[in-house]
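Following this line, the structures themselves.
Shared between the two complexes below is subunit A, which has subunit B as its partner in the first and subunit C in the second.
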Partner chain A sequence: MPVAPGNPHGNPEAAQRQGALPSTPLRREVTLAPAGFPRGDTRHFRPAVGASDVAGPVHSAMMSSQVVVNQGYNSQLPGSYPPLTPAKTLNPGSGHYYSGGSQGPGQTLHRPPVAANPAVPSLHSGPVPRMPAPASQSPAATPRPSGGFLPGASPLPPVTWQHSYPSMGSQVNHYPPAPSQPPVPGSTNLSTNHQYVSSGDPLLQNSYGKSGITSNTNSGSLMAHSNYDEIEGGGFLATPQLATKNPQISRSVGYTYPSLPPGYQNVPPPSSATGMPPSSLNYPSGPQAFPQAPLGANHLTASMGGLSLHPEGLRVVNLLQERKMLPSTPLQPPVPNLHEDIQKLNCNPELFRCTLTSIPQTQALLNKAKLPLGLLLHPFKDLVQLPVVTSSTIVRCRSCRTYINPFVSFLDQRRWKCNLCYRVNDVPEEFMYNPLTRVYGEPHRRPEVQNATIEFMAPSEYMLRPPQPPVYLFVFDVSHNAVETGYLNSVCQSLLDNLDLLPGNTRTKIGFVTFDSTIHFYSLQEGLSQPQMLVISDIDDVFIPMPENLLVNLNESKELVQGLLKTLPQMFTKSLETQSALGPALQAAFKLMAPTGGRISVFQTQLPTLGVGALKPREEPNQRSSAKEIHLTPSTDFYKKLALDCSGQQVAVDLFLLSGQYSDLASLGCISRYSAGSVYYYPSYHHQQNPVQVQKLQKELQRYLTRKIGFEAVMRIRCTKGLSIHTFHGNFFVRSTDLLSLPNVNPDAGYAVQMSVEESLTDTQLVSFQSALLYTSSKGERRIRVHTLCLPVVSTLNEVFLGADVQAISGLLANMAVDRSVTASLSDARDALVNAVIDSLSAYRSSVLSNQQPGLMVPFSLRLFPLFVLALLKQKSFQTGTNARLDERIFAMCQVKNQPLVYLMLTTHPSLYRVDNLSDEGALSISDRTVPQPPILQLSVENLSRDGAFLMDAGSILMLWVGKNCAQNFLSQVLGVQNYASIPPIMTDLPELDTPESARTLAFISWLREQRPFFPVLYILRDESPMKANFLQHMVEDRTESALSYYEFLLHIQQQVNK
Partner chain B sequence: MQALLLTAALIFFAIWHILAFDELKTDYKNPIDQCNTLNPLVLSEYLIHAFFCTMFLYAAKWLTLGLNMSLLAYHIWRYISRPVMSGPGLYDPTTIMNADILAYCQKEGWCKLAFYLLALFLTTYMA
Partner chain C sequence: MEAVVFVFSLLDCCALIFLSVYFIITLSDLECDYINARSCCSKLNKWVIPEMIGHSIVSVLMLVSLHWFIFLLNLPVATWNIYRFIMVPSGNMGVFDPTEIHNRGQLKSHMKEAMIKLGFHLLCFFMYLYSMILALIND
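This part shows the complex of A and B:
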């Protein structure tokens, strides 16, 4: 390994500084680095180095002074600063070149230091089998002390390193005079690397960065090595002697060799004998000491300098010329430019994602980029794999209460440094034992430090009261209007079907309330032969009759509950009551639930007209088209206040609105929004006239009833000092600057957070964000789910742009635009969206692009930004035109706020596939199925053709549009119909036919469905279907009566940008 | 004399606001409670200030009145554009934790404090 040479020098110091955990995978980084660096360059550098001309002099001077103190060796090696750790670290990057035969000598030279350092071996734990003894390696090195200089001197990088050092505030000085200096738990090297990255040609940056990384890792591993080896007693390197000597050796690197124990010096390394490249030598040494501890490594993080960008990512795109920017496979989130070891541990972007994967150093830089900084979270997502930790103490930072996570640094075995507030904490005794490996003394390998997403079983200090039982209350509208829609049948049937699947345990409680102009309670007391209905007609002063029997244990009263559900749909069929007293019913429900907390599911079919919370119709159909003067704000604060009361009592309200007429969702929605519930909307629900909605309700109810649920939850989001939370988006109540109160949390809820940079982040290379969700599971356990995301800090605008995550940005902008439409107006929000594109692209043009080319130049990372914003402008929430009903628009806005990013992006910019010619080419095979992977098409009518069939995946619905001249084959083999005319007008299922075409199509559709927790209904559309308008509405690249086409939009932006 | 007392009361309100928002920011108080305590104060502060203005009007202190009218206008504007709420007051616990709004409220508190202090001096020396 090229890396190896560098290590020796660097290691001891680094080790001291960092007390880092071992980091394994040096290898890869190294290899990466070379890519950027042409060979020619290296050569070029070398001579310079040797001459010590360019960088050399400076360094040497500095070095020498310090070095002298140590050993006096320097004088001989002016150009080489062997002692400097940095130089060596750099080498690894250059190591590539070394691999060539000519450079071999250089490597060998390096080794000696390695040998000297016992620790070195640990670094290369990876692939190489253990070498017999460390000593053997060292000898090879020893012979060529002089050679060592060259490598050390080698590339320019050293220079940079030195410069950077001063910047490292808290860190230990690299060339401390005293060899004897005890290992200082310094801070990580982050800052140093950082500088490299920021300056200069990207390629160079890459390589440097990598090298830096490797060095760090090495150092980290070394440290760990010395410490842990002893503890473990396993490492061959770990002999006490070596450990003690390390400091000295490292310092003196250039000349010290002689001082090394004879054994080391003389023994030829076996590997060398075989003629293996020097790098290989290192591996052996690296053995197992810390193979797993990839991270221990926070240090690694420090080193993150290397840009991991794919060359493609550096490209500047002229959107006016390159029109096919949409990738044919689902867009992947960008990978933060972190050291691989860290990235590997980083939080899954589906759970936790940042709009800028490179965090700008200062608010000024952020303002300059004109991109929003924020997080998008999906904290309670259903996970296939989730490590759960049960331990009596949960290790957290003592000052900021951050949970220990993979990105903290272990200064030594007993102390760790918080990555959010930088406080040094003690490692508690229990934490020293790793239950997974059953080894003592490996705090860095505990699951808490190996997983960015983890769940803790919380001990009793995390409870304010005993965990509540799962309590579900269903509130049904049974007015005449509700009975007309016939929803009670479906809902009661779904409930009956899923009664046993409701998340819960033996303590589960359930209750029912119905209302029209009065409120009806149902006593389900055990022993009753049938449910007893109690009617409260005094809706001005609601009280609860016999509170003890209204919420009953589901297990004990299951038969009564089932009986009630069976009879409920028929009970009100004769009802002529048209009034709806939703407000009082909600108050009653709240009173019923307040002692325990839980979930209220409200089914409402019309505008509430009686009692408190009565609303008046506000929608004026004629004014739908104007973007002004529409009622997006609630007309009363009754629902909001009630929601806050609910929130205080750990009650969440989920609203199912099944209404044909305007129901003022803007006001009603508050009940769910502030109590952390969810809103479901089924416009024009009718059991006979609208079977599609019926199916949708059934599917969604099934998911709703059976999905996981967390009760009495709070979520706190912490971030590295210097960043602060600006605004939260989602359904919850913000209880303090970083704390969300979530009476219920469900796995389908997403959250967004806007951040700002309050203090400059120049002292740090990495920032971390941690969300901790404390909840009570349906089994009555108190649990904490922690996600930690780690991102690099950058100092130049270009890097900020390179790291932009266009989906996250669009998602956050959508959230911000919803707020803006409510506080200002819809047209304001639309302008703000367009301006967001214009501002950021002009910032890019003026600050990053050096030559002003014509056209619309955008960074590759933002190539889809205009498209997504255009899609947002055409989304139901923000569109203009007459076809959006107010409630639908508001529902779309609720969805923007409450949906996880993936689904938000799908609803905004659906994926379009051509499915009449599916083939197995490029198909995925999952278990025993093959799933065809048709390319994603651009959303433009020009991609449609009458002789094809196209599937549009809009998240919660799938639409299959069948062209008029669609191949007969598809009609008969997939749809199972004779001809086009015989496709039924409403068709929501594909028949399972025994043909390969049918199998492929079904496999593809079910694969799409499996990717999301809910069940998207499939609509099969003919050319004349009424839903075709809906389908075409999603063709965001096309022009509509009220909106620009994509190309026009680009031209508009270009005009503004180039102004 | 009475005017002095009243100005003192206004200053007290301003300080109270500043403290309250600071408490919110530093996470000492629940926003619901805090808004419940602050909201009744808002209207009383505005009424006292309006009372002042009428007093100045009767006393024909045109300069002072002019100064105070601007604040009065601001108060009226502020109250008209308050969020939808049934009770009196300005502050909505669901939006108050937004960083912008919180910062705005704090700034408003400081500005008012300065204004009232100025008014205090003016009334003492000019009266």
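This part shows the complex of A and C:
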């Protein structure tokens, strides 16, 4: 079945037109398969388990105790199906796939009971009303694929498909399971038997996307992390009433569009009753028998349920009265109010998240809610396990090019309906065979349809040129100023240490350029006894001397490279040249890289002063305090233009700025921003005077050099018809309306987009979003990583508020505020942030709350909204006051734009723990370690005390503040010092002592570090440490000289809301 | 004399109409992905200054030839053209910036602007035509 050849991310014609960029990956003339691409074998599936390139740094310690291996598809092997017992096959304890067995073949698929409460759908974890495997699916009756269908396909061994994520564990998507009974088929009262019991099962907490796992009679220790503890015990009873009202909401959206409001859909549309084509009798499963979850949001149940009871999620909170709103455990993202079958296939919120987990039906409704609608993505995050599919045809919608995903609907065996554009597509012949179960005729069991996050090995249609080799170019500033800081030593040493760990293969190329007022190239030709330096002093018209030997194969010239790295720090120690010709050096680097593409890492220590791209100091220290008149915009378009040139040639530029003085990061940063690079900033770096920065640089370089990298990437984000993306945030160039050009993609980059509802979504109950990232791995394979997120559509304002994801909203607002600061002014951006809170809470007050109570009433989902916005106002990017240097502020803004949400929230609103009295109570046990879990404290000085020690986790740094009267025990047992006075002024490591206290503290800190890919440096602060100001600055609930305290802020908001 | 003024204005107005149409076509090409943002913006930025000058000349001409009504009609559009050119941030690559054009609905607002200008120039075209004929008859 030939699939329309096309460019990966759009229709082919558009790709051809896009060909204006010479090496855009959409050009299709050259087609070369990557090495190792199995050409002949058309359905070669390969599990990614252990594939190092996919796995990335493995968070194995986190996962090992929680991931159950083999729980995916093995249980679905044909042999494990018992003979079909139609209906009433209730076997909640067996752990098999059919445990929900409520429908027999030929019956219409009844809509299972849905959670009545939109905020707590995940609690509703009864057995999944999956289809029992029809009898004909037993091995004997299965139509085996004939040789004619499957040329050369031999039965593959059962493959273990695993699908799990790092650092989810107990943190994300907590599914407190309920060993309840499955619904009785055909009954009008669908859900009377449902209970909400909080008995725990650690397995289920990460049974994300597992199809074979249902809740069962497991006993295990439930980690007490749920925000919804109250409802778990509460027995929420609103559902039954509604279920009887709507006894026959028995259709799944796959068959027709709902044309009536949900309340009127009592009659199943004819297609679901009669739509089964006769031929489907021959197949194991007709349309109704597909174990596709009955799609549908739970409008009625939600809104009416809210009237009868007020569980935690539906509660209205008066923030002025309830001050302790911060949960003592990390905040969980809200779970979309979807049917459980869909939800468990849904994309991990760490990868793909929407600000509103219930999408408003119309733009008018969205406008009324005054909340931003947008997506936050972390598409290239390191995943422990990721299903990888190698197949000659990648099944995609013919009209919108969406990849097939778990939320499409199969009309019958041969046809599927796209969930983004609703086009009905044919299922290609190859797709009929499921290599995992080795069953023919089960397209809905294919891994593509079982995993919301999946990676495809792209065939040659997805290449415009042979996959590029990994190419790394390092550009060093070697002017006098740079040599003074002594950074070359650490960088060269790091490079030497990590030379073998650079992601790549035998084709890896490397090169070096240094510059001061001239540009120096290094010829590393094989056979030379030592590197040869070539100096170009004509910086007005840069040319490349002997281009073939400047970028060399790393393996072939490794000795030369090592020799160069060893001598480089000493070569310029006597340099007196103070000028810096960064612009020409970048041009030279671009020329060098343009033929292949790759990564340029630039190390710069001062303001560029020579040649093109020279900049002038713009910062006026006296004006730091005023929010107006600061230079957040670039002063020249040189760097932007160069970045776009780089982007066109698949070159990304990463900037390391190590500078004491003002270096105009606003202008320099453009080079990374539009070429999809990243920016690192080390203010006042000095090898002797600032050892903390040295350590930070070393750790970050280590991560930078060894992390996964994708080359010549493009990303496209698609959404269901009716929604449209209008603004993008992050480091990339938006090449066409929804195509992001990412010359490099790294696992530490996050992206955000804003959306609007263009057409009303009244005729659909679900919307989906799909991000597809096409990249070349460092091994030279072309891969596509696809994430799909599915969310319900709602029609009332209350439901929109209930589904709000306050972290995502704050993250998106921060991105928007950065834009606003640049286009308008900082004070505008600050006002906009405050107004965002006021507007949305006023909207809630006037439109949702019926009785106007005094106080500041907020929906439970937004209870932290004012706090997070206040934290944003006090964040480096947006704060006012004298202590923000312009470059630091701009760096903070770059971070807002480029960081994934989790880290952005940690930098904005750090977690504070008391660590001098850690105990094993409530501790996590991960493999053989015990990690204490102290509660998170509110960021207020009133929580600090002089006789304690407090750890603040601010994402990229950890600060341990030790109070003056801290217990002697802690000082000696954990810090290893005699008394308070003997804590050294700069201490960045805890000694490993042989005491339980020390072990606990170290376990906790290393657990915090393991959760993120970079290495946060730990600072130990005494009362008089200079860093203490930094520590106290993060106390966002307290008043500072220029900002309100949390309570004052609430009062201000209340005043505005009640106006 | 008056006829000459209007003949010139008419020609200038024709040029401006063509320019507006060109803007619309190029922007809609970008909207449908026929060209990429970079080439679209460099094409359009080339014509921002000619448009500004062309329109300013007509406005000044009307002022000099004491056609107050037509001058006042032209004034806001001419001012907008100059304002938008001056207000381009230093880091941007012109009125049309490829990195911004897909953000915050800029493409749509540029499109709207071009449409409004097209309508305005058409109106002016007929006005100049009428005035020209009138002037010719009077001569």
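Keep this in mind: the second predicted complex is superposed on the first by the 749 of 1059 C-alpha atoms of A that agree within 3 Å, B and C clash if a C-alpha of one lies under 4 Å from a C-alpha of the other, contacts with A are read in each partner's own complex, and residues count from 1 in each chain.
In this section, a residue touches a chain if its C-beta (ideal position, glycine included) is under 8 Å from a C-beta of that chain, and two chains touch if they have at least 3 such contacts.
Owing to the predicted nature of the structure, the values given are computational and were not obtained by experimental measurement.
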item	value
Subunit B versus subunit C as contact partner of A:Thr727, first or second or both or neither	both
First, second, both or neither for A:Thr518, with subunit B first and subunit C second	neither
First, second, both or neither for A:Thr636, with subunit B first and subunit C second	both
Residues of subunit A that lie at the interface with subunit B and also at the interface with subunit C	633-637, 640-641, 644, 648, 674, 726-728, 733-737
Footprint of subunit B on subunit A - complex, ascending	633-638, 640-641, 644, 648, 674, 724-728, 733-739, 756
Touch list for subunit B against partner subunit A, complex	24-25, 27, 30-32, 83-86, 92-94, 97-100
Partner subunit A, residues of subunit C touching it in the complex	30-39, 89-93, 98-99, 102-105, 107
List of subunit A residues in touch with subunit C within their complex	10, 14, 17-18, 20-21, 633-637, 640-641, 644, 648, 666-667, 670, 674, 726-728, 733-737, 819, 823
